[in-house]
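Labels for the chains are A, B, C and D, by order of writing; each one numbers its residues from 1.
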Amino acid sequence: MTYLGLHGLQHRGQESAGIVTAHEGRLIAYRRLGLVGEIFTPDVLARLPGPSAIGHVRYSTAGKSSLSNAQPLTVHYGKGSLAVAHNGNLTNALKIRKDLEQHGAIFQSTSDTEVLIHLIARSGSNDVDAVCEALYRAHGSYSILFMFGDTVIAARDAFGIRPLCIGKLDDSWVVSSESAAFDLIGAEMVRDVEPGEMIVFDKSGGMRSLRPFPRNENRLCLFEYVYFSRPDSVIDGRSVYEARKKMGEILAQESPVEADLVIPVPDSGTAAALGYARHSGLPFELGLIRSHYVGRTFIEPQQAIRNFGVKLKLNPSRAVLDGKKVVVVDDSLVRGTTSGKIVENIRKAGAREVHFRVSSPPIRYSCKYGIDTPTEEELIANDMKLSKIAGHIGADSLAYLSLDGLKQAVGEGAGYCTACFDGDYPVPFEDEGLRLQLRFEGL
Amino acid sequence: MTYLGLHGLQHRGQESAGIVTAHEGRLIAYRRLGLVGEIFTPDVLARLPGPSAIGHVRYSTAGKSSLSNAQPLTVHYGKGSLAVAHNGNLTNALKIRKDLEQHGAIFQSTSDTEVLIHLIARSGSNDVDAVCEALYRAHGSYSILFMFGDTVIAARDAFGIRPLCIGKLDDSWVVSSESAAFDLIGAEMVRDVEPGEMIVFDKSGGMRSLRPFPRNENRLCLFEYVYFSRPDSVIDGRSVYEARKKMGEILAQESPVEADLVIPVPDSGTAAALGYARHSGLPFELGLIRSHYVGRTFIEPQQAIRNFGVKLKLNPSRAVLDGKKVVVVDDSLVRGTTSGKIVENIRKAGAREVHFRVSSPPIRYSCKYGIDTPTEEELIANDMKLSKIAGHIGADSLAYLSLDGLKQAVGEGAGYCTACFDGDYPVPFEDEGLRLQLRFEGL
Amino acid sequence: MTYLGLHGLQHRGQESAGIVTAHEGRLIAYRRLGLVGEIFTPDVLARLPGPSAIGHVRYSTAGKSSLSNAQPLTVHYGKGSLAVAHNGNLTNALKIRKDLEQHGAIFQSTSDTEVLIHLIARSGSNDVDAVCEALYRAHGSYSILFMFGDTVIAARDAFGIRPLCIGKLDDSWVVSSESAAFDLIGAEMVRDVEPGEMIVFDKSGGMRSLRPFPRNENRLCLFEYVYFSRPDSVIDGRSVYEARKKMGEILAQESPVEADLVIPVPDSGTAAALGYARHSGLPFELGLIRSHYVGRTFIEPQQAIRNFGVKLKLNPSRAVLDGKKVVVVDDSLVRGTTSGKIVENIRKAGAREVHFRVSSPPIRYSCKYGIDTPTEEELIANDMKLSKIAGHIGADSLAYLSLDGLKQAVGEGAGYCTACFDGDYPVPFEDEGLRLQLRFEGL
Amino acid sequence: MTYLGLHGLQHRGQESAGIVTAHEGRLIAYRRLGLVGEIFTPDVLARLPGPSAIGHVRYSTAGKSSLSNAQPLTVHYGKGSLAVAHNGNLTNALKIRKDLEQHGAIFQSTSDTEVLIHLIARSGSNDVDAVCEALYRAHGSYSILFMFGDTVIAARDAFGIRPLCIGKLDDSWVVSSESAAFDLIGAEMVRDVEPGEMIVFDKSGGMRSLRPFPRNENRLCLFEYVYFSRPDSVIDGRSVYEARKKMGEILAQESPVEADLVIPVPDSGTAAALGYARHSGLPFELGLIRSHYVGRTFIEPQQAIRNFGVKLKLNPSRAVLDGKKVVVVDDSLVRGTTSGKIVENIRKAGAREVHFRVSSPPIRYSCKYGIDTPTEEELIANDMKLSKIAGHIGADSLAYLSLDGLKQAVGEGAGYCTACFDGDYPVPFEDEGLRLQLRFEGL
């Protein structure tokens, strides 16, 4: 089941995947670089028995990209064994690490998550209390699972920055970052884990909710709705697909344009483009054909063939575009490189005008809580006046959804983390200035 | 360029790929099982120099699936070297083969295409005449390229069953099964090769059209429009994407249904679903979320999790479907297995009614000209009365596009091969009853 | 059994190996580049059923080093299937090939052996007669096996240049290049195949001897005794190990030297060094330690470490050599490169004098019958006056065994091929001047 | 240089190999399962720059066979980075580990060596003192290297159980388990590290000898001379090859036999067989032919072919053995399985009598200091009366070298560890009864 669920969360991390099972008092772990379907062969799964398991897919935001950082992290320590799977980013991990190292701790990885393991190993308390103490000392964003033999503990940080939800499949509990994984395995959604909540599943079969931390205001990451989560997930009560369509509708309202048709950048912009088309009354067409066979493994020709890589992935269809005024909708504009190529290709396929519409506000700040945004210098909206970006990507016009429009699309009820748009970071970054000076490197 | 173009034709064959270049009087060949992007690394391409090249992607319809059948086939024979790339299927290949073997010929592969090579090797004529003689003796469907050192010959069978078109990139000629490959490399479409036409490209730089065969009526494969070709290709003057939308429109006209929304089976049914939605006035929604990370490599759970594989690929979105009457549009219904699972999943996601609409007629006959249809027993429309299929796949209603509707959608001007729908085969299958009795097997 | 026997013949070819079995009227073939133990896994062997089989290990002397030249060659042709395993070299293969190609034959490999297959495929006669006709037309050296379904035919060329012997294991016949393979599988030696003899094994269980060719004088390759065969084989009645010891004894008699000890270049020179020590009365010592872990995969340091590769394989033992006058015995001196390094290393380990003794005559001519000697320019004894070679390799003295001494050591009874020593080639090389102009290259 | 030297020590461990270099204040590590020549490609070596390096080849005697136990172990800890390469076995590692784990230490491997790293990381002292403290607390056998950035520390346990020697190459120091590695890289032997000595090499270029531990009597492992070390090494002043010949001579004196010839089990018994032949006056012959192509990868036939594996490696030569009374000499007799097969094969090749002579005493006890002896139940000399072993292996007579004879052969001067022969263990095994209860398992 854990394996099947990881398939449904593959979009959240493609660098490595791992599963740890608890079997007859022991933990059994398998972690590799690669995709879930490549890593877990029938033979591997057969060697992962046991009634409970946790899994993880990782893409790297803290710590080097290497097998030693693949999760769930596992250790054998004085009181037994422990596995941890963490989505998010601790903001004082280096501070804690340096302190622990002064007291003789030896770290196995460069992952921020490993400090939690050392804090637990050094605690004199029982499992649940040791986890509380460790999470109390660590700051930042985390949707996290701990497995100690028969006991699994799930926790969501006090701002609820990353999503986490609870499901049920027959008599078993399931926990996942997104509800789409429940659909895949036939489990039913029970509820979201609340910000600052800690939940203990033990061999009694029950589920115990603890609230050891003072609760903060909610600050769920808005980018989960804009881009990161699957459209078939429901997060904190709101359908991602419906939210995206609504973003497109509000965008059409805020930034209309006279045109012949609306096309999405598939698949990321498809839901918003549908919303834009619906509100504007313009026909929705597939003007960019997405190839199903594009891996990362083609060779970019050195010259002559402009934009080959982008065309290979998204080829403009002359039959749709020739002679037309086209609205192109995408979910976000990060560096602007690909968007510029898309606009150029659409023009070459005969479009008379190209109007670019983005269903999120300009991204000006780096995420510190677990989304892999580029450095601020690489963010085009940070680097360039908005008025110049349209020219830079070669569009006849460019418009972004407003931050208010975005909040309205996802529902104004709860609070959100809007740091990447407006720099309002809910948790301070205490490791600023600290650097992990690794004096050895394993090849 | 050949490598880049093969990327654009990858959908036509995923079993093997190959390129042969002509360099300083020699042919250099590289063929492997796998996808274009996996096979052709920078290192491999660097070892394939030369001013002209032909390439091929294969999926197996005649001959075993093995490297020895990968194309372009290449041989060294008395007069030099020769490479052949063939799309289609010869219908008297075994008859010719048995005759040649009686005269001492030794075949290297089980491919039907190899008989052409032996006929050419045994001819006393020059290159162009030897190709004419060989094609005169072989029957069936072929869009085919021959390369002899500096000369490349392209030919399309007399019924024009498979597509073939000519493009130009600066001073060079390009030939491709589909025009989308021209877009990728920045070449311009010149025209389609005509049925029964043979075209000679030689080192003079010119292009010479020959018509050595009596011309038959046109019988282009309709399935190219329905499913096989890319939506961004234009075949014999007709946009595939526009044809598909039109199929959806006519389908809506022929088989309307009262419903809340129209969803495609993405991506194959998307264009037709747009057409259906437009004509019917129903909203077009994304009710099935296609995963970008599904390879062929997941493990189907042995029990309990119904339809996991299909959900992993196409997960229904409860937020869209719950409580709704849904029209689902797909391009074809072959075995009915997947469609049944999709209908079941949509229902489990809360749909009140599920109406299945297929934008092509029932497929009742196997293709003998190069499309890999299953045997006739496996074709659900051959095996079961139409009135029972809706029940079989669990839909509240089922309707197919009529054959007349399909012809109308692609344009009535030319003739088409409709054999898979109505059994009207333009070329008789002369190898019926013959079997290649291989008395050795290479592991 | 074939697999086990190939292990015992691995020294005769390390480039590729193959087995073909006859099973229920079909031949099943498996050939790969690599060593026997790497290629034939339990899984592969399980897919090679059948009551009879032939196998081959190849090192390349004619035709490129590639999988398509791996043997046994197999074909499907008009009358059925055929597999061939050939040790030796045909001297008119290119002449025959060019003639066959003029008549439309298409060759799959660059192997000389393939001409026999085409001759058989084009013959109107039955299996045995077709083999006779083909061998009659082909000249050169061959110990060869043909397998047609139930029938296996073994033949040795009319001069008996390469060895071939017959054994028996319970009720089954076994044929092998060397008798050591019989020891491994527990078979008993019956007799050598005679020069010019052809033997037919069919499903009757009997063995039929034919003599279709006029018999020539015997010309067994002397190099089989000197270097190529295993010391535990017996060829044409003579133990290879005993012959080598005798070479050492006669060498000691012909070229004595005052010294403290005799050391072999292990393992090739060990038997001759024992003979030398015994005749001379000098102590036999292990002065060069052969490493068991040397593959072909070490990296030669670019500078500074002289002769690292040779020392890694054969490290001189200072404790044995320091201050001593040393006789070093090796079986042959081909290019002189390694010998020079060995002499230098022995000197660096403290030897006072180094006397090099070679238990075969100077090699001055290339073998045209299946031993992979370098070109004549690379043969030091062809390129340099004998009197200068000692200086070239840095030895205090150098002596070769005389050709008469070598003949005496192996027994004067039969005739031998001495071409590599004296240029007396028993079969003329008819392909001189012909070249296989391959105008295509498969990567 | 480290890489080249590891080639020369490959016989000491074939499970894994590793190199760590110090480069600009950082350590860079590469460790893999496999052989030196397979692991270190030019590409890998290019990524290991730096003026100093340590390397290791491992075969497993403590800790599971897995990559995480491959050495040199490396860690990043509070004061920097550290790499350790250890030959030997700590006898109180588990005791120390359990104690450290009680104080929150988290271990990365199951290797005994890792406790040293934790002791050093928790010490408040400088590098050299921290190493002293750690070695003071750990007991057992060790020839060990520590690398901290620019400083390398070498140490040999107080009994000198495992060998360790110092060489010089131009201006650089070299340390190795065996002197043969110096020969390979052209370094000169300086001296052996003394038991209980600790040597510090730092960036000053000098070498500083410390004696922080009370010196015990010498107890060098006798098995290094009998079997483990290379014959071209010199250990504590004694040539291994000369020692082995001497063992054979004393064995001939202690246990003569009337026979026709002496043959070794090559290559392990060759030196002793030479000594035996020399003292007895019997001719030394090669009666068992060792194949150069035997990997671990052949498939043992399930039946019928007795002793195939042993024959494949060591085929008896009928020409040498037929009708003869044979003395077979091997260096040791551990389980007796292979010896029994060898005797049977020699008899089948025609030998009239087979007398087995072993150039070491009966092995009755397991090694606890780093040689991978089987459990005591598997040791034939422990399990069976000596008088029955000859019958068990099928020999006409069997004799071992006496322990006194062995000591005499290696020189009576120093003290030796004779534990495997007589159970006299110089260091008590404090971990007896402790077990590493691993409650997690990484696949």
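The criterion applied here is as follows: a contact is a pair of C-beta atoms (placed from the backbone, for glycine too) under 8 Å apart; a residue touches a chain by one contact, two chains touch by 3 or more.
Values in this document were obtained by computation on a predicted structure and should not be read as measured data.
Engineer: Among all the other chains, which ones are in touch with both subunit C and subunit D?
Structural biologist: Touches both subunit C and subunit D: nothing.
Engineer: Need the graph distance between subunit A and subunit C over the touch network, please.
Structural biologist: The distance in steps between these two chains is 2.
Engineer: Compared with subunit A, which chain's mean CA position is the farthest off?
Structural biologist: C
Engineer: What is the distance in Å between the mean C-alpha positions of subunit A and subunit D?
Structural biologist: Centre separation, subunit A to subunit D: 51 Å.
Engineer: Starting from the mean Cα coordinates of subunit B and subunit D, work out the distance between those two points in Å.
Structural biologist: Subunit B and subunit D have C-alpha centres separated by 63 Å.
Engineer: Between subunit A and subunit B, tell me the centre distance in angstrom, where each centre is the average of that chain's C-alpha atoms.
Structural biologist: Using C-alpha averages as centres, the distance is 37 Å.
Engineer: Would you pick out the residues of subunit D that each touch at least 2 other chains?
Structural biologist: In subunit D, no residue touches at least two other chains, as defined above.
Engineer: For the protein chains shown, what form does their contact graph take: line, ring, star, complete or other?
Structural biologist: Graph shape here is a ring: one loop, exactly two partners per chain.
Engineer: State which pairs of chains touch, listing all of them.
Structural biologist: Touch list across chains, by label: A-B, A-D, B-C, C-D.
Engineer: Which residues of subunit B touch subunit C once you look at their complex with the stated criterion?
Structural biologist: Residue list for subunit B touching subunit C: 20, 25-31, 44, 47-48, 74-78, 80-81, 83, 101-108, 117-118, 121-122, 149, 438-443.
Engineer: Per the contact definition, I'd like the list of subunit D residues that touch subunit C in the complex.
Structural biologist: Residue positions touching the partner: 1, 3-4, 7-8, 10-11, 14, 35-38, 40-42, 45, 180, 183-186, 230-232, 234, 239, 241-242, 267, 270-271, 274, 278, 283-286, 289-295, 297-299, 301, 304-306, 308, 311-312, 315-320, 349.
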